[in-house]
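All remarks here apply to the structure that follows.
The first chain written gets the first letter, and so on, giving A, B and C; residue counts start at 1 in each chain.
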Amino acid sequence: MTLLKPKLSREVAETIAAGGPVVALESTIITHGMPYPANLETALGVEAVIRENGAVPATIAVIDGELRVGLVHRELDELAQAKRVVKASGRDLAVAMVKKQSAGTTVSATMLLADLAGIDIFATGGVGGVHRGAEQTFDISADLTELGRTKTAVVCAGVKSILDIAKTLEYLETQRVPVIAYGTEDFPAFFTRKSGYKADHRLDTPEEIAEAMFLHHKLGTGTGLMIANPIPEAAALTPEFIDGTIADAVREADEKGIGRKELTPFLLARINELSRGESLKANIELVKNNARLAARMAVAYAALKKSGR
Amino acid sequence: MTLLKPKLSREVAETIAAGGPVVALESTIITHGMPYPANLETALGVEAVIRENGAVPATIAVIDGELRVGLVHRELDELAQAKRVVKASGRDLAVAMVKKQSAGTTVSATMLLADLAGIDIFATGGVGGVHRGAEQTFDISADLTELGRTKTAVVCAGVKSILDIAKTLEYLETQRVPVIAYGTEDFPAFFTRKSGYKADHRLDTPEEIAEAMFLHHKLGTGTGLMIANPIPEAAALTPEFIDGTIADAVREADEKGIGRKELTPFLLARINELSRGESLKANIELVKNNARLAARMAVAYAALKKSGR
Amino acid sequence: MTLLKPKLSREVAETIAAGGPVVALESTIITHGMPYPANLETALGVEAVIRENGAVPATIAVIDGELRVGLVHRELDELAQAKRVVKASGRDLAVAMVKKQSAGTTVSATMLLADLAGIDIFATGGVGGVHRGAEQTFDISADLTELGRTKTAVVCAGVKSILDIAKTLEYLETQRVPVIAYGTEDFPAFFTRKSGYKADHRLDTPEEIAEAMFLHHKLGTGTGLMIANPIPEAAALTPEFIDGTIADAVREADEKGIGRKELTPFLLARINELSRGESLKANIELVKNNARLAARMAVAYAALKKSGR
């Protein structure tokens, strides 16, 4: 059975064909992460950062049941305003196609579609992980399994601190996924530069990370890589503030009986309210910071692939 | 290394070669699920339902160490009466071959052999899942991992209610397996039409499900699909009755210190006794109902494949 | 992308090319498991056992960033005395290459490199497993996932009794890994011949095990096999002694707050002290015993492959 080829924008198709650097971007940040027009502005801003750093951005989404890689301005704008857009993880894509739905793609779906399209690097905010209380609920994001199964390298600011970071790191180890921190010994915690846990590896240049990716894939493990890029100092929230805020939001969710699928959106919205918008600002900054690193990695990786080693 | 080709019955071989619709069936229901001759009658009845709906049945088993796909009447009868037949999960098949054993195949083994034979759809009663108490015992069926790794679509009536359904659904999500309910929003609970949990997706025709399968496989995830088909209204047990009965049986098992491998057969046998045979009748009806849907899906899927899209 | 070919020693390369029997060996036992010169003596002793039983040993390690399969005497000696050698699991290999590090390879890394080199059988002491308390910590060795994903057959003396053996067996079942005990019904517990748990399968000759490997791989599951070989009677420690010693060491670790990565080395070192060297002696004997069985399996497996069945 031949695999599906998602529909690529002309720019993305030409860049891939020429072996040039492309960075994939997810779209739940547009469809479910922010209100209009902040979502559109952020999407455009992130794409601009990728271009400034020498690569071509490829925002991934499902539009009217069609798998799309690379959206032009008008399409981004339509997606940013669209109603009735669902959220699709990798396992939801086929049904979204059958139902001709539009969907924002999660980390797992974006990894999968990037890989199908031939894109090796993907920038996002934070990946899903092991939820607090997962020892009882078994609530563990498919993103972690996808990282254990699909070759895309994911540049993120660590995992969201509403998750159980220690368990997430153990799970990634069990799934055999390399976790590489950029320019630091610490595994970052999304809004803050430190999580209290060390990353397995530290590399200090995009070129070294690209080389590690290249060698890792040549080992044939089939796994992706997590590249953990701490939020810029200036944009970081203080650990005390964010920990307290998360604790408050978790308590509130508990009291209101909010669980499972509603929990993450509730916590993120509540944290934003409690932080008076500071967390949203930090979120935008860290995504741009990840886009920057991803673009530089993509440039180095494209060169490595061309070198034909 | 070339893969093993199981021995196909002539009818199954010819149908596969012609691209016609085939539905795989497991055999632990024959070897370990029911007494003779009820097991034989059920097996024949299920095969008849598949034929009535336009597909060819392929019961899968290991006979004297040989992997078999498609049994004729005489062979089904022999298997239904055989003594010393073991139960083989996927990982037990090679040893069964070395020891020249006969074996009923579980869901995981049947998926694997169906896939090796080139059969895409498999009908059964209920798949294995996460056991109650698995947060302590780690007792999680290999069926769930197989669904995350082998492309066969499994038509079932949900997972048995002796399992932890919430954890099973979380585990399937983590394994990236699409869970599609047929004609309902609810994830069914084997003997009853509702489990209290929603399915991720609802599709209303065998043709739509076949299309979702087709598209899903073209994404290259390598996972199977779970198609959850609720037991027919008329055959369903009442939730109060079955929940109480299961609770009684679980308590009894606990008191008698019955655990691990003995637990599931004990619970199923005890539930049947406590229900005075009602649960067995329901079991037979739901398997036939699944065979019907699977056959109709197989007809649609064969047409899709032939269309060469 | 073509896969990396590790650098093979001339002897190993020639034997593989000729379809002859080779047994892979890990190197953390050399770099992190024993002091010099005990580590070198053991390594040489284990290699000698493999040769005596008709196969060629291939110790696997990373030397100055290069993946190596098959070390000559001088190289083993250098590795045994080397300082600043890290421990590399499969996911650490690429970074070790980028950083030009030397590394002892764990079970998961050794399986991966053996498979890349074309070696089917690997002898070690004990594989990693599910740690005690993993229901809270999620600390589960990548070795178990590797067994679920890489075809190498691993000959071991069971899993170390500092682990949670019951959970490890459940996890292997969920990962679909065949567990075959050699010449016994019991799953062994490293220093002792019994763990209190049964193995799934018993086979009594290296030839039968080789045949099970051969057939298992032809099923296309992609998993490895665990061959559990009990420590020789004469070398075994008594269960009472070892259980008490482990309980003491675990309590001590707990009091000192030793956890995660430091825990296993601490426990093994402490058990060795408390046993006045008896556990180290037993460890050496069981590795040699595993090397013997692995070599005999390799001879039988090479013959099977040549037979072209």
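Definition applied: a residue touches a chain if its C-beta (ideal position, glycine included) is under 8 Å from a C-beta of that chain, and two chains touch if they have at least 3 such contacts.
The chain lineup, named per UniProt: A, B, C = Pseudouridine-5'-phosphate glycosidase.
No experiment lies behind these values; they were computed from the predicted model shown.
Visitor: What is the size of the turn, to the nearest 5°, that moves the C-alpha atoms of subunit A onto the matching ones in subunit B?
Guide: C-alpha superposition angle, subunit A on subunit B: 120 degrees.
Visitor: Answer with same or different: of all residue numbers used at the interface between subunit A and subunit C, are over half used by both copies?
Guide: Comparing the two copies, subunit A and subunit C contact each other through largely different residue numbers, since under half are shared.
Visitor: Please report how many Å separate the Cα centroid of subunit A from that of subunit C, as a whole number.
Guide: Each chain reduced to its C-alpha mean, subunit A and subunit C end up 36 Å apart.
Visitor: Give the residues of subunit B touching no fewer than two other chains, as numbers and ranges.
Guide: In subunit B, residues 135 touch at least two other chains, as defined above.
Visitor: In the complex of these two chains, what residues of subunit A are touching subunit B?
Guide: So the residues of subunit A in touch with subunit B come to 1-4, 89-95, 97-98, 108, 112, 115-116, 135-142, 144-146, 149.
Visitor: Note which residues of subunit C are touching subunit B in the complex, please.
Guide: By the definition above, subunit C touches subunit B via 130, 134-135, 148, 166-167, 170-171, 173-180, 200-201, 203, 208, 211-213, 215-223.
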